[in-house]
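Heads up, there are several structures right after this.
Two complexes, one shared chain (subunit A), two partners (subunit B, subunit C).
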Partner chain A sequence: MNEIARSILSAEFVYSVIRVSTPLIFAVMGALLSEIAGVINIALEGMMLMAAFWGVIVSAFTGSAWLGMLAGLASAVLLALALAYFHLNLRTNLILAGIALNLFASGATVFLLYLISGDKGSSASIKSYVLPRVDIPLLKDIPFFGDALSGHHILTYLAFAAVVFVQYLIYRTPLGLRLRAVGENPEAAESVGISVRRVRYIALVLSGLMAGFGGVFLSMGYVSWFARDMTSGRGFIALAAQALGGKTAIGGMLGAMLFGLAEALSYTFQAIRIPSEFTNMMPFVFTLIALAVYARSVIARHRKAPSSSQPLEENTET
Partner chain B sequence: MRRFSAYEWVRTAVTIGIALALGYLVLVFTVDDPNGAFKWFLWGPLSRMRRIVELIDYTIPLIFAGLAVSIVFQAEIFNIGAEGQLFMGAVGATFAALYFPQIPVIHVILVAAFAMLVGGAWASIPAYMKAKWNASELVSSLMMNYVAFFLGLYFINYHMRDLKAGYLVSYKFPETAWLPRILKRYNLHAGVFIAVGFVFLVWFFLYRTRFGYEIRMMGFNKNFAMFSGIKVNNVVLYAQIVSGMVAGLAGAVELMGLYKRFVWQVSPGYGFDGIIVALLARNNPLLVLPAAFLVGYFRTGAYVMSRMTGIAPEIVTTLQAVIILLITAEAFLEFWKRRKIIREAMKAEGGDVQ
Partner chain C sequence: MKEVALAVEMKEIVKVYPNGVVANRGVDFSVEEGEIHALVGENGAGKTTLMKILFGMEQPTSGQIKIFGKDVRIHSPHDAITLGIGMVHQHFMLVPSLTVAENVILGIEPRRGWSIDREKARKMVEEASEKFGLPIPPDEVVRDLPVGIKQRVEIVKALIRGAKILILDEPTAVLTPQETEELFESLRNLTEKGVTIIFISHKLKEVKAISHRLTILRDGRHMGTFVTDEITEEEISKRMVGREVELVIERPEPKPGEVVLRVEELGYVRDDGVRMLNGVSFSLRSGEILGVAGVEGNGQRELVEILTGLRSGATGSVKLHGEEILGLDAYGIRRRSVSHIPEDRVEFGVALKAPIWENVVSDRYWKPPFGGKIRIFPKVMKAFTAKAIEEFSIKADNPDTPVMMLSGGNMQKVVVAREFTSNAKLLIADQPTRGIDVGSTEFVRKKLIEARDSGLAILLVSADLQEILQLSDRIVVMYKGEIVGYFPQNRGLTEEELGYYMLGVKRHEPSRLKEAIVA
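Coming up: the complex of A and B.
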């Protein structure tokens, strides 16, 4: 037990929490941007997967990690556009369209991976490139904090910048006001001349962009290869973390880091020979419990003040 | 019962046509001999008796999964946890097959019943969270899929693993827990009868019982159901539990009929295929049968193509995604429907004049 306590209190542990939180923070920002406009983005998972795949493939073929990143982001945005088109133009049920796009991403990446590398499991046989780590001057020399906060992947710092950006976007810009208006009351927004469809297009594209960053981080930073279904539920966990964090980017970030903590803890437990099946399960069990606790608290609040807040479910309607 | 109108038929046919065309297009761009590969995909499942049997074997779990998803979708509940329920059902079946008394016939029934119990119990968790606290069943059922996978593997790998097998599988089931074969030379098992039987059973449940009526009424209009005295929260609970039982049974039938032991180290994906089956069947249990056959045909075709040409069978997953998108796109081919309505209206008007 002592051993666990010591490893949790170390700078390495803080470092690893931040590291594993990175893709979740991006994904939660993606979840938030679409949620705020009243569209739930189930396809975050597939968008991340696509971005992770194309990041690796394009970086391998061009020799440039940055081009890889751009390709990854573009693929996620394309998938977001597909989701928006099917939902907003062809009136496909948003949840089913999301499930379909997740399936699509999972199938397409494995199919193409096999075609390109001859391996169905991972892209380990291809040499691909990763984005750099960044040492922060001054900070890196401070004991403990230097080890915990400096030397992270460039996208990790970008993730925290994204939190500030999203918070500013939603609450301090005209576009943010439109996003919120469309999410709160589409009919009212429409009646004052806001195009609900266009705003939701923008929301989904931004959401896809965020998911794209998360995916690119996974295959070009977290590890240096693409593996089949490597997102392993992070897109779904992000939906739960977003619900937990409420409608602010800061809340969403804290939600994401809570799950990052659960994941980092699971790695610590793995080190002391708890079966990996159990440690792998932990983030998901944690999500379930958090979801239940959150839903209970919403219900309780709802009973006390019937008019103040809408139940969670209202927003997940299509 | 929602009518499967001419419009729906055309839409389904066009959707499948587009999916096939897209599949062909992908092959043209990616492999040397697209025509040969596509021929294997289209006719492969019927080319040998062995493959026809494979096709039927593959259709069986899809029927169960399609039925399970249909039940919750009829109530407009987005529980997509069939995958995990099926997996846990299979784990439960393994436990029952290995440790329950080995009495001929009764053992099979016990295994099936236990798998249904486990599947139902697994589904009851998101169901309870939804009914009691209004927690989104979508996210919770997705999480349950992952938990099922890891927990199931723990039970198999740590407690029921056959170390002598050389790979990660459970002990072989005793013969009392095998479903009988129908054909002597081929591995076609009696699960096909159970599956077809369940098609009618679920149809009866949905369309001829009070429970089924309440499920459909809730899906039709939740508020109306509530005001007409239906206890909506109870419906939310039992619709998901019944669905989980059917999914759990799928796992048991698959293991008792086909593999005779637990063999999965990756989740088999039937639960997600079940969503496509249910959508193709418009949640009608009787139509689940042809829909499952169609999806099974696609899968088998992809496997045959993969074996003959080395193309990854995952290509079919992308085609299934296209099918979901187009089948559920309300505005897709709407012009056709509109034209028909106008034509009928004109005809009616003409009749009035005369």
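Coming up: the complex of A and C.
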């Protein structure tokens, strides 16, 4: 037990929580941007996977990590545009289209990987590049905090910047107001001349961009190769984390970090020789428990609410 | 009469929907600048379609539109807004979780850099609300506002976008008499500021009270435009319906029998914690109609759903002929001779794609003579339905017609036919005449009185005060989930008086409210 406590209280552990949270934070931002506009993005998983794949391949061929990143982002955005086109132009069911794109991404990446590298499992045989780590001056010299907060991957810092950006976008800008209006009452938005379709296109593209960053981080920072289905459910965990965090970016970030914590813990347990079959399960079991606890607490909060002071909700249906 | 400029001129408007329904058959409609012009007609007469065309939500099949003398084509609401046309829809186009200011500026947000300039937004809203004499609270969340204020927000929303012509689609349907009076005051105010108002309604009293001129539509045709003061209500309704309508329904003295339903201390808290019913108590005897009045959303829907077994989780006691029925499901309650005309006929009243005969027997297909132990007998069912079609004057070719093909009024008659032929002891009628034409309304109301006289106990829930006053023998008023008013008879009672209780301004003493339970 001592061993666990010691490893959890260490700077390395905090560092690793932040590290494993990074792709989730991006994905949760993607989930939030689509959810708020009323077009839940089930294909986050596939978009991340695509971005992870193209990041590695393009960086290997061009020799530039940055070009790899751009290619990864572009591939995720393209997938988002495809989802938007299916749902908003062809009126396909959003969930079904999302599932189809996830399956497509999973299959296409393995297929292309095999064509390019001759390997169906991973890109280990190709030399690809990673994005740099950043040491923060001054902070890096402070004991504990330096080890925990400095020296992270550049996209990790960008993830936290994205949280601030998304929060600002949703609650302070005209676009954010329109996203929320379209998500809650599309007819109202339409009646004042806002194009619901355009706003939802924007939401899905932004969502895809966020998923793209998450995917690029996985293969160009977290590790330095692509492996089949390497997102391992992070796109879906992000949807759960977003539900947990509510309609704010800050809440979403905290949700993502909660899952990051669960994942980091599972690695710690692995280190003390608890079987990996068991520890690998932890983030998913945690997802289920967290959602159940959350749902119960919401119900309990409502039950306890004083009845007399609450105004009756007006019913405008006729 | 002096020459006045025309704000709106619609000529020979024809609208045929893709499914073949003809909504407008060459309608001429013109509105003078600065007047309040009422557009009247029954449901389905083509009023709303005509206005949707004017607001760019529908495209006319043929016809011309002139706005302030200029030929225009209006392809979208956006075009209409640019031309100075604003519309307040029957279902409010508001985003509940946003504030009043956010709703008003949606789509025309003032900016400072990348952000919304909130200070300026608030100022814009305050200025407009001051200028037009429509007070609204800019920082309140729309969800929590009363209906009357929400409607004001909608009007300000249109005006702030530069609307010179304001279309109001049945604006009083959701308002109490007091709120209606306030709205009318505001509208008169607006015309003084040069706003032209088109007022869609089928409530003739209101049309008489507010409009300068009126245009009548029937069956997609223009039935004349009149100066309001030069035409009587009777003449208007004759032109609307195409025949004389009995505006007063004869109601003989009730002869109440034994208590059928006894509700005591009924309480209900919704899943999200809002208390929807609190200490509701009343009783209902055979051969009488108890009216439940109230602004919608004050617990009536929950009350009906609990009494009919569609909603569980209530506290208190509901006794039918002395037997506790609270907690039984809809099947259990129907088996105990309770019938129910639901508020939303499309959602709960009928199966749209099913033929009339299946709908009419849907509550009894398993019992003789309609069904045996193993099979059902469609021939018997159809014969039964054919008789019902005649008795309830449902306009349909035969029992095999899908309900979907019927008009709203005839759909409601299918529901009524089923519920009135089930040999019930208690009928719960929730908004039985909402959204149906005058002819069918009259028919349904007469049937209710007839059924009462033959000993049925009827609980009538309605937001239509005229209906409540016309049909009820006793009346309770609901406000915020409680009964706040009890009237043992309706003689001398006015809509205004009921309105005070519906708004929570007046409230009876607990001792008087207890009288709602008669032994």
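Here is the rule we use: the second predicted complex is superposed on the first by the 297 of 318 C-alpha atoms of A that agree within 3 Å, B and C clash if a C-alpha of one lies under 4 Å from a C-alpha of the other, contacts with A are read in each partner's own complex, and residues count from 1 in each chain.
The criterion applied here is as follows: a contact is a pair of C-beta atoms (placed from the backbone, for glycine too) under 8 Å apart; a residue touches a chain by one contact, two chains touch by 3 or more.
The shown structure was predicted, so the numbers you read here are calculated from the model rather than taken from an experiment.
Student: Tell me the contact category for A:Leu177 with respect to subunit B and subunit C: first, second, both or neither.
Tutor: second
Student: Which chain, subunit B or subunit C, is in touch with more residues of subunit A?
Tutor: B
Student: Just to be sure I read the superposition right, which of the two partners does A:Lys120 touch: subunit B = first, subunit C = second, or both, or neither?
Tutor: first
Student: A:Ala189 in the overlay: touching subunit B, subunit C, both, or neither? Say first, second, both or neither.
Tutor: second
Student: Check the residue A:Met281 against both partner chains and state whether it touches subunit B (first), subunit C (second), both, or neither.
Tutor: Only subunit B is touched by A:Met281; subunit C is not.
Student: So, does A:Gly63 touch the first partner subunit B, the second partner subunit C, both, or neither?
Tutor: It touches nothing on subunit B or subunit C.
Student: Give me the intersection of subunit A's contacts with subunit B and its contacts with subunit C, in residue numbers.
Tutor: Shared contact residues on subunit A (touching subunit B in one complex, subunit C in the other): 299, 311-313, 316.
Student: What part of subunit A is in contact with subunit C in the complex they form?
Tutor: For subunit A paired with subunit C, touching residues are 168, 172-174, 177-178, 180-181, 184-185, 187-194, 299, 301-305, 307-308, 310-318.
Student: Taking the touch rule as given, give the residues of subunit A at its contact with subunit B in the complex, in rising order.
Tutor: 42, 86, 89-93, 95-97, 99-101, 103-104, 106-108, 110-111, 114-115, 120, 232-233, 236-237, 239-240, 243, 275, 277-278, 280-281, 284-285, 287-288, 291-292, 294-296, 298-299, 311-313, 316
Student: Provide the residue numbers of subunit C that touch subunit A in the complex, in ascending order.
Tutor: 76-78, 81, 87, 89-98, 102-103, 106-109, 111, 114-116, 143-147, 150, 157, 161, 170, 173-174, 269, 271-276, 278, 296-299, 301, 434-435, 480-481
Student: Given the complex with subunit A, which residues does subunit B contribute to the contact?
Tutor: Contact set of subunit B toward subunit A: 30, 78, 80, 125, 129, 133-136, 138-140, 142-144, 146-147, 150-151, 153-154, 157-158, 272, 275, 279, 312, 314-318, 320-322, 324-325, 328-332.
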